[in-house]
Structures are given as C-alpha cells and as structure tokens.
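Each of the next two complexes has chain A plus one other chain: chain B in the first, chain C in the second.
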Partner chain A sequence: MSGEGVPANDAEFHDEGGVLETLTKLRHSPTSLAGLLIIFALVLMALFSAVDNFVFDRAIITWLHADPHAMDQSMRYDDPSWEHPMGTDRYGRDMLSRVIYGSRTALTIGIVAVGISFVGGVIIGAVSAFFGGYVDDFLMRSVEILYAIPGLVLAIIFMAIFGPSIYNLFIAYGIVGIPAYARVMRSEALSIRDRQYVEAAKLAGLPRRTILFREIVPNGIAPVVVQATLSMGGVIIGAAALSFLGFGVQPPTPDWGRMLSDGRTAMVVAWWVAVFPGIMIFITVMGFNMLGDGLRDVMDPKMTVEATPYDDWNIDEWKEKQRAATTESDLAPDTPTTRADGSGPQEGDRS
Partner chain B sequence: MGLLRYTIRRLLQLIPVLFGIVTLTFVMMHALPGDPVRLWLGTEPGQELADELIEAHGFDRPMHEQYVDYLVRLAQGDLGHSFVYNRPVVDLMWERMEPTLVVMGLSYLVALPVALGLGIYGAARHNRAGDHVSRFAGLAGISTPNFWLALMMIYMFSYNFGLLPATGYTSPFVDPVEAAVLLIMPVLTLATAQTALLMRMTRSSMIEEMREDYVETARAYGIPERKILLRHSFRNALLPLVTIVGLQVSTLLGGSVIVEEIFAIPGLGRLFFDSVIEQDYSVAVGVTLFFSTLFLIGVVLTDIAYAYIDPRIKYD
Partner chain C sequence: MGVEVIMSAGSQQTGDTADAAGQPLLEVSGLKKHFPVNSGLFASITFDRDADGFPITRDDSSVKAVDGVDFALEAGKTLGVVGESGCGKSTLARTILGLEEPTAGEIRFDGRPKDEIPEAEFRKRSQMVFQDPQSSLNGRRRVGHIIEDPLEGAGWEKARRRERALELLEQVGLKREYYNRYPHEFSGGQRQRINLARALSISPDLIVCDEPVSGLDVSIQAQILNLMTDLQAEYGLTYLVISHDLSVVRYIADRVAVMYLGEFVEVAPTDRLFTHQYHPYARALLSAVPNPDPDMPGVSSQLSGAVPSASNPPRGCRFHTRCPSFIIPDGFTAEAYDGYDRLRSDVSERSLDPEVNDVSSALETYVPELASVAGDRRAALESAVSEALDGEWDRAERTLESEQSPCQAEAPSLETAGDPAHEAACHLSFETPSDADSGSTEDGRR
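Let's look at the complex of A and B:
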C-alpha cells in the first residue's frame, strides 16, 4: 500500500487518544500505574530469561542463583531455604529460577496468542462491517460458532488434534480469542463506515483495501487495544490451565501451569511447588487487568469492551447499555474526564 | 412487532449457528487422531471383527455420506457410540449431567447475591475506602486462576485443617448434608471469578446510573439515598447484567472441565476431559456440542428476557 492516496489533512482523522496522551492521562490512575510497573518488571524478567537462555545458555542465572534445568536427585522437594528460596521440585530443580524462567513462557504465550486474535479479529471485524450483506452475515455467524464453544473446550480439542506444544498453544488461544476482537472491531467500524472522511476517501477513488486499512481500522483500533490488554490476563490463565491439564507446554520448558500440575501431585509433601507459580500467575494477570482497567477509562470512556452484544439486533441500544455496563469510573474525582459532561463533546472529538 | 415474533425470529437465527457447530464437530471428530476400532478391539484387532465394526458404523463410507448420516442421527437425538464404555453417548451424558448442573447452578446462587450486594455497596461508596477495597477485591478475583484457587483450598481445608474432603461427589438429592460438605470447594472455585466479574459490572453499571438526571430529581424531592439506590438505579442498572449472566454460561462450562477434574466430580466436564485423554472422541464431541447448544440457548433466553424487561428495546 502506498501512502500517496491518504488525504492531506490526515492527522485530523487519527485517534486523539494517541500513545503519549494516553500515557500522560494514565498518571492519574494509581491502579494502572501499578499495573504498568508489574508488567514492566515481568517483561524485564522474561527478557532476561530469553537472553540468558538463548545467548548465554543459562550461564547468567546459574551464576546468579541456580540453573533452572539442573536436576539433583539428592535435593528432591527441598524446603524453601536461603539456598532455594522457593524450594525445589521433584527433580531437585530450583523453583525460584524456574519461576523466573516461567515468565518468559507466560508472556510469550500471552503476547503471541493475543497478537493472533488481535490481527484476526481486526481483519474479520473490519471486513465484516465494511462490506456488510452476505460477507457480514457469513463472517459473523462463523465468529458466533467459535464463540459458542467454551474457550477451554475448544482449546483442548485443538491441542488434541494438533498435538501439545507451545506453538499450538499460541494458535489455539489465538483462535479462541478472535470472536471478542472481531465484535469490538466490527461495532467500531460500523460507526466509522459512514463518516465523512470515509466518504471523501471513497469519492477520491481510493481502493477499498486502502480505505479499510488506512481509514477505518486506525480510527477504530483504540477499543480493540483495550480489549487486548484486558484479555491478556484471561489468555495467560487459560494457557496455564491447559498446561496444568497436560495439553499445553511440555517439559522441560519451565511453565507456571505445568509447575502447578506437578505441585498438585506433590501438595502434601511440598506445598511450595503449588504455591509460588500460582502467585506469579496471579501477579501477572493482576498487572494486566489493572493496566487494562485504567486504559479503558482513559482512552475512550464511551466504548464497549468486555461483553459485546451477542446478537446485533439493535446495536445502538446495545452499545448504550454496554457503555453503562463497562465503563468503570475509577479515576480520581479531579481527573479530566469528559464522561461527566455528557456525551456531546466526545461525539465531536471522535469524528 | 410483538415479543412472540421477536422470540421466534431469535430462535430461527440460531439455526445457521447450530448447523455450523454441528459441521465443526463433525470435522473435529474426523480430525482427531485415534482409531475407534483399535480402541474397542485392542491394538491388533482380528480382521473379521474389525471389518464388522467398520461396516456397522460406516467408517469406510465416503465422508459426505458419513456427514449426512451424522446429521440424520443427530436429528434423531443420537450422538453416537462410546467405544470406551460401549454405550450410547447420550446415555453417558444424561448420567453425568446432574453434577455439572448442580455445581453450576449453586455457583450462580452464590455469585449473584454477593456480586450484586458488593457492587451496589461499591457504587454507593464511590471513590471512598469501601469502594476501593471492593474494587481491588474484584480485580483480584478475576485475576486468580481457578485451578490454583482449587489447589490452595484443598491444601488449606483438606490437608492442613482436615475440615473438608478433597474430592468426591454426592448428589444433593440423595444426601444433602454430605453433598453440601463436598460441594463447598468446587462451588467456591467456580463462583469466585464469576462473582468478581459480576460485581465489577454491577458497580460500574450503578455508578453510571447514579449520574442520570432522574437521580438528581429524586434527590431534589428528598427521597432517601438508599431508596434511590435500590428502587430506582438498581432496576435500571440490572439490565446490562442480565446479558453478562447469560454469557457467563460459557465460562462456567469451560470451568467445569477444570473443577470436575480437580475435585473428581463425575460430571460432563470430567467426561469430556477423560474422553479426550482416552481418545473416545464421539463422547468428547458430543459434550462439546451439548455445551455450545446450552450456551446458545442461554444467550437467546437472556436476549428474550432482556427484550421482555426493557420496553424500550425495539424488536427489530
């Protein structure tokens, strides 16, 4: 796609809630700042694990603390101590370094799976809204089919068909997530489709693909981004559940869900194997939810996030209801939010 | 345009989706690895026996014929045959239905009052200490992996204090006391995230509602705050919640797989899990089909309830 066809005053059409502005607004929300901090720490942890694993072959963590893969049968289920702050597992591997390494697995799954859902959902939702008619019907019914099967059930069947591996886990949760994103994108795109600048782009003779991906998608993406942040936690829990049940990440890759499944069998003799990985999952998911909560308030107080209408029989009514249902107002009273002033100015802002 | 017509239209809309799910489950059944003949007859089946079985179930026929056959059998309420139990899938599922529905139903019973109460409380104390605490609890609730929560409860209450049995199931219709003891942990496991989500929804829905003009008017008339909250705002705030309750069916059914696995409850979720492990795919696919149908019905019912409750909804 070439950038030539984009109208000259394109800047005006871009989302007001740009990254910088959003981040500036976030400082009013201590919850989301704390969430951001947690995520930042986890990303550092995961990056460290990745670099250490692939570049240094676990040399740094071994030097700092202990090798997450080194087995020592004489140290089976050793209690938490100074040497092993989180104890050891049934092969005598150090739990702390395994928990640290587990952050890499959890975040990778979260990011890749959410990425797949995001891209898939945005394309399906935007195309569906833009073309309407049979295309819309077909795509939306397909999405509903996916949505009707409980996520965990769908993921288990997917893993049973394609075999348990971390790559299939990405795809499984990527597919499971698509419906939610497609719905959010579709309802955004529906409201953007008839805006003047889209009309202008059509009149200017821009190809449909360009209109779709240069005009409609960028302008409707904000709620989808919030959806991504909010669903990240769910994906991480879901992937851990799948690994817990034995369908996900396979040993010896350190993974929190897998560790919990070991912890379950060892609970009577070694509580620490079942406790620490769970706490890490909790903290991680909490971080993403705290950030998502704040983002939702800041980026666009009027949008639909968590539960989009199952059926679009009256989308406007629905959006209104969902707005009432989903906009959390956690901001401090002095926060400059337009919501309290009513919806008038925002309608103008967004178009 | 009456409510009845809306109901009928809404039910008709289900047909393409149901048809799609049926087709998808057919594809799943054939894509899943494993061979029912070997499953039933052992790894080295006698040729004659194997041929007989293949003949009887039509495994050698072309795919499209098998597909039509599948549709016809489904229409007759036949979900196929389990090769592990050597019984019709429908019978198996019928037996396993009660525990799943009991656990799910009870978790709704626990979640709804707690969530509504805390949600209203949070909205009434908006931006004060009580609100912050309940909001944080809500965030923590949706961030806790249910399987980990189950493990921690088993560790605490079964191993440490020896208060509750770790696993097992008794029908509350047979022995209510024992059932209650056994059901506490599974129900709490399933209800925690559900409560948290509903509470968050209630709270934000209420806060939004409290900003409406009619609340100001009511205050100006000197109607006590408590009455405004419960009589007026809550009724309006309830509407979006109806939908969430319907959508949660899916999450709960997915959660039942984990909860029933951990607590050894002989329900549909466990049947699904076991049948995937044992490669008894007609059962796995049957349960999937049932779960999806249950969810779709739940959603349609909430939609209809919604239209019924809210006179402002246009039917088309």
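Let's look at the complex of A and C:
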C-alpha cells in the first residue's frame, strides 16, 4: 500500500494559493498590516456612526463631542480649538463629528459598489471564458463599451437619469467597476478552463453551471480579491468626486466629498473645512491600497514575503567553501572521455 | 505534400482468434482530429505582399494531431498506445471521450455510433484517469466529493453517493476516514488512487487512462498498475492506456499500438510486439528501452531530431525523414539521394542555388557524387535541371518525382505482418527479420 496513513508533508504543497492561506501570509508584510489597521479603525468609526445614527439618533456622539447636524450660526467658520478640534463649517457644525460620520458613507459606498462590481465581474468574466465563442465576444465587447467611457462621466450620466441618491451612487459605481473585474476573472478562468480537474468534471457529466461555480470560480477568485482591495480606494475617491460635483450624497448627510466641495468656497478664510475631509479620504485610500499591495505581493509566487534565512547569507563565503570542497575531493572532472559506460552523448550519434 | 490516405478497412478486423466471442466495446475508424492553426476570422487572415493578385490570403492550415486512426477494442481487454511526445496520443484519448470534437471518422461504442448515444449515458459508461495527480483533483474540494462527481452527474442522491464513495476509498486502498480530507493532504500515489476511485465510481465499461502513472515514482507506478489490473479482473473493465513508457504498456496491455505523427504504424499483441517489430519506428522505440543487463552496451538512440510538424507532415510515409531503414531507389547511393532531395526541395520552392547557371554546374552543386548514379537516373536528373533552368518548374518537379523512393511516394497502410493479429504500415518487406541490427544500416537520412 502506498504510504498509507502517512500525512503528506504540508511544506510540499505551499503553492496551492488558497484565499485563507494567502490572508495568513499577510502577517509577514508590515505594509499590509498597517493598511489593515487603518481599515479596521475606519470600520470601527463607520460602525459606531451607523449605530449611533440609526439606533440612538446621534445621542452618543452628541454626548461624547457634538451633534454633526446641529447648526450654530454664531460659530460660523470657527478656528480649530479645543472645543472644535477640526473647526466648524459654514453653518457652525462641528467638523470632527462630521468627519467621523462621513466614514459611514465612504465605506458603505466602497463596500457596496465594489461588491456589485465584484459579483458582476466574476459572473461575466467566468461565463465568457467558459463558454467562449460568441458568448465571449458579446459579453467582453459589451464590457469594453463600458470601459471606453470614463467612469466618472458614466456615473454622472447614470445619476442624471435616475436622480441623485446614495443608492443610485452605489449602483452607478458598481456598474462602472465591472469591466476591470470581468477581465481579471476571464483571464484566470481561461487558464483554469483547460485544467484536468475541469475536464474530469465535464467527463463526470456535471452540469456546466456546477462546473463553472464549483471548479473554476473558486480557483480563480484570488486575483479578483486583490483587484477589489486595490480599486476600493478608487471607488471612494470617485464617489467623493461625484459628491463634490453635487451628484452623490445629498445634504445634510455628512460625506467627505461633499464637505470638500463645500469647503472649496471658503478655502482662503477657513482652510480646515476642506483639509480634514481631504486627509481622511487620503488615509482611507492609502489604507486600502497598502492592503492591496500586500495582497498582491503575497499572491505573487515569485515574491517571498516571509523572513528568509538568506538575508545573512554571504555569496563570497559560500564560493570560498565551494572552492575548498572541490579541490579537496578527488572527483575527476566530467569530460566525455570519462563516460566510457556510454552515458551522455556518443560520438557515433547521428545528427 | 501528404497524399491523402484512407487506411485499409481491413485494419478493423483485429479480432483475436482466441477471443472471438467478445464484441468490440469501442470501435474507431478513420478518426481524425485537426486543430486549426489560426482560429477565428481575423487571426486566420494573412497579408502576403508577394502573392499574385489580392495580397490577403486566408491561412487555413491545421495541426493534424490525429490523422486517420482505426482500431477495435474488445470488452475486458486493454489496448496500449505508445509513441513519442506530440504524436497525438492524448488527443486520441480526448477525442474518443468527447472532450474534443472529431474532425472526421467514426467512433462506435458498444456497437452504436457515439453520436447516437445520449450524452448522459455515454458519461455513465466511460471515464478517464488523468496523467497529473496534482492538477486532476480540484484542490479546494474534499476528496470524497470529488469521487462523487460522476455519481452526482448521473443524478444519485446524496446519501447513496456518500456510501459509494466510502466504499470506493477502501477499494482503491485508502481509508474511509479520508473522505473529508483535501487533495493536498495526500501523496502523489494516493491522489492517483483517488483519481481511479473517481473514474470507477459510476462503474463504467471503458476507462481511458492518459499516462496514468507517468507522474509517479517507480514503486508507486507498480502499485497503481497492479490496482488497475486487479480492478479490471474484478469488474471486467476495458482500458485504453496511453503511455510513453513501454514497460507500463508491456505490463498492462493485451495489445499495443505504436503511434507516430497522428497514425498507428504498428499494432500487435503485446508479447508479439516486444519480440517482433516490423516498422522501423517501433523497432527504434523498443531499442531505446534501457537494458538492465550490465554486459550490454548502453542505450544508443537510433532516432534523432524531433517529430516533424504535424501541420505539414512529410509526404509519403510520415516517418521517412527520420527512418534508419529508408529505402534508397536502385541506382542511387545514400549521398547522391541526399543531393537529389536537396535539388527536389529547391525545385519545389522554385529557386535553384543562385550560383547555378548551367546544367553541369547545377548537377555539380547538388549531386557531387554524380558518377555513382546509374545512367538512367542521371539522365533524369539532367533533364530535370535543364527544365528547371528553362523555367518549366512543374515539368522539372514531375521528372524528379518519378525518381523518388517509395517511402516518399506513397504512404504505407497497415497490413498484416507475420501473424494475423499483427499489423504494420511500412514499405519494407515484412520478411525482414525483426531482430536485424538496423543500426548497421548506415543509410539513415536527416
């Protein structure tokens, strides 16, 4: 019997590239850990503001600091101070509370829009690669039409048709993102489609839907996950841009893009109104990009993220050792004449 | 260019007299699978500035991976297919199972044409064991579920599937507890057992094994092969085993087919093929098996070079470009025939050597050994060169063609050789003693 009961050594199979395995490898990458930390802090902020907003009607933040919606004309464009660490805006609302509340819309837009693109892109990409032919042509050409129009313009058109609302913003950005995901998924699925386990599934007589979503998609999803984290930042910026242009989140909901846009008019007298939301956008996008970079490194089989023992390995020392070893040994050099046993190329070989 | 060959229908009558009772489970006749070099409308259009007329032509050349294969496989028997890499073995297997659509030819399964058998039924009766134990199992699924796949395809309910998978795990020498493990927890040999269990789960009649053990080390190979033969004896399975490893085929197969460039060149019962080979390729292939006898000289390869391109196979016998027993026509020496061949290829390309300006210099350039060429052959060469110099390329080509070797002129078909069950496709006389030291025939050509 073959080594029955002897579990195969795990180290041999580290090239499997599972999503979970990859995520645990992230601990070796300080950049992505920093990114994760930023995202974790933002998620906490967003969760807090969501719970506070819908359950307690902004009671907690009012008690802690200030109500983000409370206007006070006497405090118009107040400088950053101990009372208002980030100053106040045109209506005297506290900027710090508004910045905290803004994380909710920013993250929701990021997650929902990226989620829509992710699911749509995975389905379109996998289906088009698996079925090929006209299906592939039709789906990919349609996706390329979407690609040809700048994302922001497409989103604006969508918002103009369906009206500016936060839900339409999700959908618009979700659709705009689909092409990138579809292409990544398609290229992955194209290579997986011809793997032997897919052929085995075909020969097993499984329906094509099962083959597609059980054999192909789970094995090709990893790069799409990287794509998702990397584009999260872009989507948040895009949503901020839409809000800046007045199409996205509608007042009085605090939103970083909207706050930037409002602060623009008072840039000279009150720099803080525009700068703090800008910094938040910057930090968020950086957090997602750092995580995405780390993920990409971890998934690249040619990169080593773990600490290696080679760091203190000296090539000169090694060469010296090798030289010593070869001069000591009495091995004859490997020349054709030593191959009397007939191994290696023979002179009589026909060319 | 290749002469279109329809292999003799006689090759289907491979019936072993000893086993006349068994009706062939699988019959393949004239099977062809060609892959277009350029797929799609736009990829196949080539721009050719030198072409006369419209400069855009359509490139419809194709790789002839399998080009006219006939065989019959009786139930409960094993046919081994051997050949070099790239000779179309795997394509043959995939085409038979329907992973590729055949370009031409017919596949009959259990007496019925495969096209008439419903897909679901064919899937229940045929399975495949893949070469690579790593990539033939989906690393994200539990092996129990992988084994159940064919049962799921056949619509079994979950509890029954599970029961059968557990039973199979034991049958292939694994433990029931392994049901919930993932493929990466197993060694290569264990994974190949899982592969076998998957193929067996639906109790098929035919199992096609594409290099079933080439990814395993030798001791594991023996275990898997023994398991395969045990299962065959138990369930009366029919195997089609594709392999490049002759010892594997010798161990497991009842009949062996030697494949070269999309065609079967020799088919014989295993015992017979390993003692008598008629086709020079089969002979060369078998002589390349390392001999464990230390007194024997090491392996000397009789063949060199690579398999010619399957998109433009050599004319006549496909093996003639590498054949150590190439038939030189009477009146030529080997060197002179090489010169003749160079001349012929230049004539067919419509451009002689630029230094050539008259008949004698041309003959001097191409065939320096002209003195050794018999009189009538020499006259033919002379007239061909003068026709070529006059610009009558077609006539020159025809003149040269009449002098060619039978190996280039005509593709041999499979014919009975020595024994009714033994067939070979070669122009050499089959009286040639099979154990002749073909290495001494120094007329091998490039």
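One rule holds in what follows: the second predicted complex is superposed on the first by the 278 of 351 C-alpha atoms of A that agree within 3 Å, B and C clash if a C-alpha of one lies under 4 Å from a C-alpha of the other, contacts with A are read in each partner's own complex, and residues count from 1 in each chain.
Please note the rule applied: a residue touches a chain if its C-beta (ideal position, glycine included) is under 8 Å from a C-beta of that chain, and two chains touch if they have at least 3 such contacts.
Just so it is clear, the model here is predicted, and its values are computed rather than measured.
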item: First, second, both or neither for A:V249, with chain B first and chain C second; value: neither
item: Chain B versus chain C as contact partner of A:L291, first or second or both or neither; value: neither
item: Contacts of A:Q196 with chain B and chain C, given as first, second, both or neither; value: second
item: First, second, both or neither for A:G151, with chain B first and chain C second; value: first
item: Chain C versus chain B, contacts on chain A by residue; value: B
item: Touching partner for A:A241 - first (chain B), second (chain C), both, neither; value: first
item: Interface residues, chain A side, partner chain C - complex; value: 1-8, 10, 13, 16, 18, 195-197, 199-207, 210, 214-215, 218-219, 341-343, 346, 348-351
item: Residue numbers on chain A that touch chain B, as the complex places them; value: 31, 141-142, 144-145, 147-154, 156-157, 160-161, 233, 237, 240-241, 244-245, 260, 263-264, 267-268, 271, 274-275, 278, 281-282, 285-286, 289-290, 293, 306-307, 309-311, 313-314, 317, 321-330, 332-333, 340
item: Chain A partner contacts - residues on chain B that touch it in the complex; value: 10, 13, 16-17, 20-21, 24, 28, 31-33, 126-127, 135, 139-140, 142-148, 151-152, 154-155, 159, 200-201, 203-205, 207-209, 211, 237, 239-241, 243-244, 246-247, 250-251, 253-255, 257-258, 261-262, 272-273, 276, 284, 287-288, 291-292, 295-296, 299, 303, 312-316
item: Residues of chain C that touch chain A when the two form their complex; value: 94, 97, 99, 119-120, 123-124, 126-128, 130-132, 135-141, 146, 149-150, 152-154, 173-175, 184-187, 189-190, 193, 195, 198, 202, 220, 223, 297-301, 304, 444, 446
